[in-house]
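Chain lettering (A, B, C, D and E) follows the sequence in which the chains are written, and residue indices restart at 1 in each chain.
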Amino acid sequence: MSEYQFKPDRPAPSIQVGFIGWMRKNLFSTWYNSIFTLLVLYLFVPPIYHFIQWAFIDASWIGDSRKACTVGGGACWVFVENRFSQLIYGFYPQPERWRPDLVYASCAFLIGWLAIPKLPKKVWVGAFTIFIYPFIAVILLSGGIFGLKPIETSLWGGLLVTLVLAVSGIVVSLPFGTVLALGRRSKMPVIRAVSTIYIEFWRAVPLITVLFMASVMLPLFMSSEVNFDKLLRAMIGITMFYSAYMAEVIRGGLQAIPSGQYEAAEALGLSYWKSMIFVILPQALKITIPSIVNTFISLFKDTSLVLIIGIFDLLAIGQSAMSDPKWLGFSIEMYVFIAFVFWLFCFGISRYSIYLENKLHTGHKN
Amino acid sequence: ESTLQNVQKKGYVQCGVSTGLPGFSNPDAQGHWQGLDVDVCRAVAAAVLGDASKVKYTPLTAKERFTALQSGEIDMLSRNTTWTLTRDASLGVNFAGINYYDGQGFLVSKNLGVTSAKELDGAAVCVQSGTTTELNLADYFRSHNMKYTPVVFDTSDQSVKGFEAGRCDVLTSDQSQLYALRIKLAKPENAVVLPEVISKEPLGPVVRQGDDAWFNVVKWSLFAMLDAEELGVSSKNVDQMLKSNNPSIKRLLGVDTDMGQMLGISNKWAYNIVKQVGNYGEAFKRDVGEDSPLKIKRGLNALWINGGIQYAPPVR
Amino acid sequence: MTEQSKLTQQDTVIELRKMNKWYGEFHVLKDINLNVTRGERIVICGPSGSGKSTMIRCINRLEEHQEGEIIVNDTLLNNDIKNIEYVRRDVGMCFQHFNLFPHLTVMQNCCLAPIWVKHMPQKEAEQTAMKYLERVKIPEQAHKYPGQLSGGQQQRVAIARSLCMNPSIMLFDEPTSALDPEMVREVLDVMVELAEEGMTMICVTHEMGFAKQVADRVIFMDRGEIIEQNTPDKFFDSPQSERTKLFLSQILNH
Amino acid sequence: MAERPSPKTKLTLRTVWFDPNVRSLVFQVIVIGLVAWFLHDIISNALNNLDARGINTGFGFLDQRAGFGIIQSLIPYTEDSTYGDTFIVGLLNTLLVSILGIILATILGFIVGIARLSDNWVVSKLSSVYVEILRNTPLLLQIFFWYNAVLAPLPRPKQSYHIGEWFFLNSRGLYIPKPVFMAGSGLVVAAIIAAIVAIIILRYWAKRRHVRTGQPFPVFWTSLAIIIVLPCLGYFVSGRPVSLDFPHLAGFNFRGGLTIIPELTSLLLALALYTSAFIAEIVRSGIEAVNKGQTEAAQSLALSKSQTLRLVIIPQAMRVIIPPLTSEYLNLTKNSSLATAIGYPELVSVFMGTTLNQTGQAIEVIAMTMAVYLVISLSTSLLMNLYNRKVALVER
Amino acid sequence: MTEQSKLTQQDTVIELRKMNKWYGEFHVLKDINLNVTRGERIVICGPSGSGKSTMIRCINRLEEHQEGEIIVNDTLLNNDIKNIEYVRRDVGMCFQHFNLFPHLTVMQNCCLAPIWVKHMPQKEAEQTAMKYLERVKIPEQAHKYPGQLSGGQQQRVAIARSLCMNPSIMLFDEPTSALDPEMVREVLDVMVELAEEGMTMICVTHEMGFAKQVADRVIFMDRGEIIEQNTPDKFFDSPQSERTKLFLSQILNH
């Protein structure tokens, strides 16, 4: 009897010989692909070239008035620079701007901590970020205690408002949505009906009607003593609305958990809530991360609708800057800039979620 | 609980203003609100709380304003709002006086070669939605048997932009606003305001119906500004005027009468208004008149003694 | 503990009395009678859909039965959650698809129930877990995630996880049928060992070799009824009913 | 053993407290109580507040004269029409832009979605850039952008771009001839309908023929011929009864013809492009969701690439695509409410905007507006459920 | 047809010459040489991941190979779509997970390829389909959907579907390993019948009973290489290498 000698692995032959091979394979594999390639190049290269010419090559970058922009004929980024601090802080008083700065920095730090896979103690940092940090941030921004000068929310604006709305929206709608999702899957008919009606109602109406309700009609439904800040009300509107969306996303995740998991938990003697908390929800949330992130991106984009109810978010500040008679005619630059800021956030987040998805996928598939 | 008590308790006045109309209510680069409408809010705050800065502003589009007032979202509305019968009768609100007499007009670009509104048949007209302007416009064209295309915008900013982009031939609004909006154009000199005034537009602060104490306070805060001008009391001389022998001035400034108490506020109410906000003439000059970029003449808004129709009941 | 429960004999740990179960209008289990004494090892077989899984799932109340009585360890299974909880602590179960919790490590899988149900301190729970992981011969995998293990290893972890609750009875529902043929052996080995240590076991399986080796009794079910039960020797050599014969010929002959 | 019907479970008093059924009953009663209390509180507050502030309630206002103009209306509307009419006008305009948007977005979305899966690197990369840019910026911003971008380059009416005396394009919109139907035009309409019916029948027949005999039939060209020839025939036979109302410059603006206002164009562009990016993703993931085994099985049966796509992949992908596609349609309809920002006269802008403001009937107006969206959305999901049931894979 | 193809002998229907395949950088198949003559029945076995599936998928070009030659029915498999299509028409394939088209009925599944690839009239295609459905003993299921059938029935439909294209060679990739034990027999029966009728077959399977019964040759693969091939008798009774012995002991001994 013999022992078989296995052959050693050989490296793969290089099928794609250099750049030419790559072009063959990806651009000109068949005759119709070649035509496509050429057509697409013909149609899209000139506009892209013109855009680059306008946005970078011919653009004016420095100066402090519109005179700096009359030469060149390209984009006038001077305008954006001129309004930059308003876009970031709104009307937040100059001497107090260290406060939003601190919030931006700490927020970036915490999110960075959560986002970078190697750093430890994710659960604690996450809990802190979701349950404690928002209060610290709100106190820091609005002041009124600890000797901080009170700053009304009507002075907040620009990116600050956009982020405050977006972050508070996600932080509240996630747990609230989870409860609703569990409610909709409950065996108790009343709970199920209440959750279903709630979810379906909010998903059926447009967000701006909700914002309108929240901004001008809410006091009608409250007894007259209750008084909310306008920004807070926009937050409530957004949160109510997105909780319903979040609930549907999480319900999808719960449905994807095989029934075996529920049974195994039950067979071990775990009660409903314990099996939810330790077994089902961690898995459901994990597989829904991509959808949760997508919902978050929609929420982030939709914060721009508060413009319609007169809150000065990034877009609204930009719009008001455009109507400054000193800078008329540069609205395209402002739109491009604002679009770029939104895009940067949304695209960044979505890329991160894809990365996360891949990582979770290879980490433990079952 | 009445609005007056509520305001005294919370320590500020929640005032609905426009989202940005130069001269009337407009935030400056630091976010401080300024303008003739804003001064009414400040006067009320000065009267009730003794501090004109105790105001929180809620910028509202024309469409939101009455709902916001009705729902209690704001305590008073001071947002170039026209006093009409329908609004008074059916919206559950009361107009507390007139702080600006206005009329609706048209702004056209010079190169159209139009000199009268009667030549506007077939024009596209930019107008702010939810205003009396929208209704007057319809009436005017109808009564002159002309056709028009309404191009409706949410805010005055947008209507200026629409006008500028050529979306419409004509911009219609209250004349004061037209002047204010004209300076927002890239080349203001290329646009003219037509001579026709097609409607009466008395603008004034609005409060909720059925809250008479608050109604009185707002009404009299406005009157106090007018009376102060009539009596020659201004923010600069108000302290000397405290020693004046003129009984009218004494009553106004609460030197030895209890006028304020009757309204349920401090007797120094009018003193505070004039000291912190100024009299009507000062406010006008500063916000829309010669000291402002708008340079609007007093015209109808001059005091009755100067040939205008601003006439306030006496503090007596 | 309820009154009825006193009626069971000393060393009967599971007793099913005229138990019936319906899914909607579909009558899955019909008048099942079964007595299992302490330390007994029972193998259940039968064609697909015959109600084998349903029956053993009724024993720890993963399914509710509608008629008759199920008494486990002197406890009557009814709507009383206290009773259900008590029974589940004492009855371990292994599933065909292992049903390990994929987001927890092997060790965390094993410690979850002891800590949260039995309120055991973590240290102690981990020691127990390690003991049982050694018993199923994979202590070195304790800190991996289930997804990183082979099927056979996963099933052994599942067994260890059940054992950590220190059950007096173990239920197995086709524990080897989702495994690659190469891994069946390692799981069966663990089960044989367990049987030899005297654990009370009810096992649904088609591994007839295993049945011959350890079972005290083989039960054959079809269409929701127990058709035949006997010692393995007699069961395989001289099946009583035609149905059993047919079934045995099908699963043994290829 | 014979099968027996299932018995009722009995409830003994002893176990009541530990009975999960009882517990859940108690819990549900509490929840009902809370919800009822909450609703009662809100409603009574609203009634109190309305009363205290002297606001009239009721739907009487719907019969009052509206007195303002609306730029685009699908039904006859003048300043003399009622507030009720403004509701209809707004609703129809919402539906118009939604339906057009849905059609456009679907076409674009499918093209881009399939292009993303193309072997061609440029095509697939370009479509992902398209998707990533449009998906990741706010719709409101896009609406503003398109409104500016559409308006900015367009000339004033006097300098209109035009094709003959037929089509005019300027900052007031696109003006096209309006068909005016005169007596006898019924035949032309009938011919058009007949052509459409004929094409449907032809397609059906051609497919049957292919299945029966294996022979293909040039459906596309035949259909094209039918749709052109039949109506022309009808037109000439009946003595050319359809005339066109041409737009012409009169004073400031064009009169006559049909006008497509720039608000509609830019809103449509923004909605369609934005939604198409989402649809593209749905299409892509739908196609990718079909098990790879299906492609392999089809290939091993020697089906060609396009046959595999047409006969095996797409029919299965559609089941995955349709539900999220519907919710995108609903989103588009809801998003059309953002038109209020550029003054396109749809429901939210006209009815919840101007009408609400002129009448002050906030509760009624908002309730009606929300009801419209609720009805649209609920009836769509109803249809969806029916569809899903119909296409659900038959299982054991 | 290409020049090289003429070199193959008369009755060799499949020939693999020093065939190599990589997945990215991973060398899956190494210098595979294989000759299959007309009517030959080959069983391939080996541990999981050894490249069995990959090899037979290369034969009808579901996977592309990178080195060496594959000649099927005198046709060289290369990038030429015509050749590929020709080979695929002539080679039927059955998968582990059946891969029936769930949106079509059994009959439609069977008729799809004949109608669209062979341009057969529907009538004729249906008759052919019925013939093969009878042969796999499920003519009565023709108008059901795959989802309504048991696993064994589905696999038999999959076989019938392949047969409808009238292939001269059939490939099977673990056709029974996703089946319940009771259903394995019915599928194997169909395959045995097919083998007895003289179909050329290559079958990846762990059913050693089947191998003994019908195979002309058993091939053992590991780590991408053919380690041993022999007649079933010799293969099972006296395996040549240690590796084979170990494998056989694992899959036979429980």
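Before moving on, here are some points about what is shown:
The criterion applied here is as follows: contacts are C-beta pairs under 8 Å (C-beta built on N, C-alpha and C of every residue); 3 or more make two chains touch, one makes a residue touch a chain.
These numbers were taken from a predicted model, which means no experiment stands behind them.
The minimum number of touch steps linking chain B to chain C comes to 2. Closest to the middle of the protein, by Cα centroid, lies chain A.
When chain C is laid over chain E using CA atoms, the rotation angle comes to 175 degrees (nearest 5). The pair with more inter-chain C-beta contacts, choosing from C-D and D-E, is D-E.
Chain centre most remote from that of chain B: E (centre = mean of CA atoms). In this assembly, the C-alpha centroid of chain A lies 41 Å from the C-alpha centroid of chain B. For the pair chain B and chain E, the distance between mean C-alpha positions equals 87 Å.
Averaged C-alpha coordinates put the centre of chain A at 26 Å from the centre of chain D. Between chain B and chain D, the centres computed from C-alpha atoms are 43 Å apart.
The multi-chain contact residues of chain E, meaning those touching 2 or more other chains, do not exist; every residue touches at most one other chain. Counting partners per residue, chain A has 212, 216-217, 219-220, 224, 308, 319, 331 as the residues that reach two or more other chains.
Multi-chain contact residues of chain B (touching two or more other chains): 64, 67, 70-72, 154.
Pairwise, the chains that touch each other are A-B, A-C, A-D, A-E, B-D, C-D, C-E, D-E.
The touching residues of chain E, counted against chain C in their complex, run 47-48, 180-182, 184-185, 188, 206-207, 209-210, 250-251, 253-254. Touching chain E in their complex are the following residues of chain A: 1-4, 6-7, 9-13, 15.
Taken in their complex, chain E has these residues touching chain D: 57, 60, 62, 85, 88-89, 91-93, 95, 97, 99-103, 112-113, 115-123, 144-145, 147-150, 158, 161-162, 165. Residues of chain D touching chain C in their complex: 1, 3-7, 9, 11-12, 15, 18-21. Against chain A, the residues of chain E that register as touching in their complex are 20, 22, 24-27, 30-31, 66-67, 222-223, 225, 227-228, 240-243, 245.
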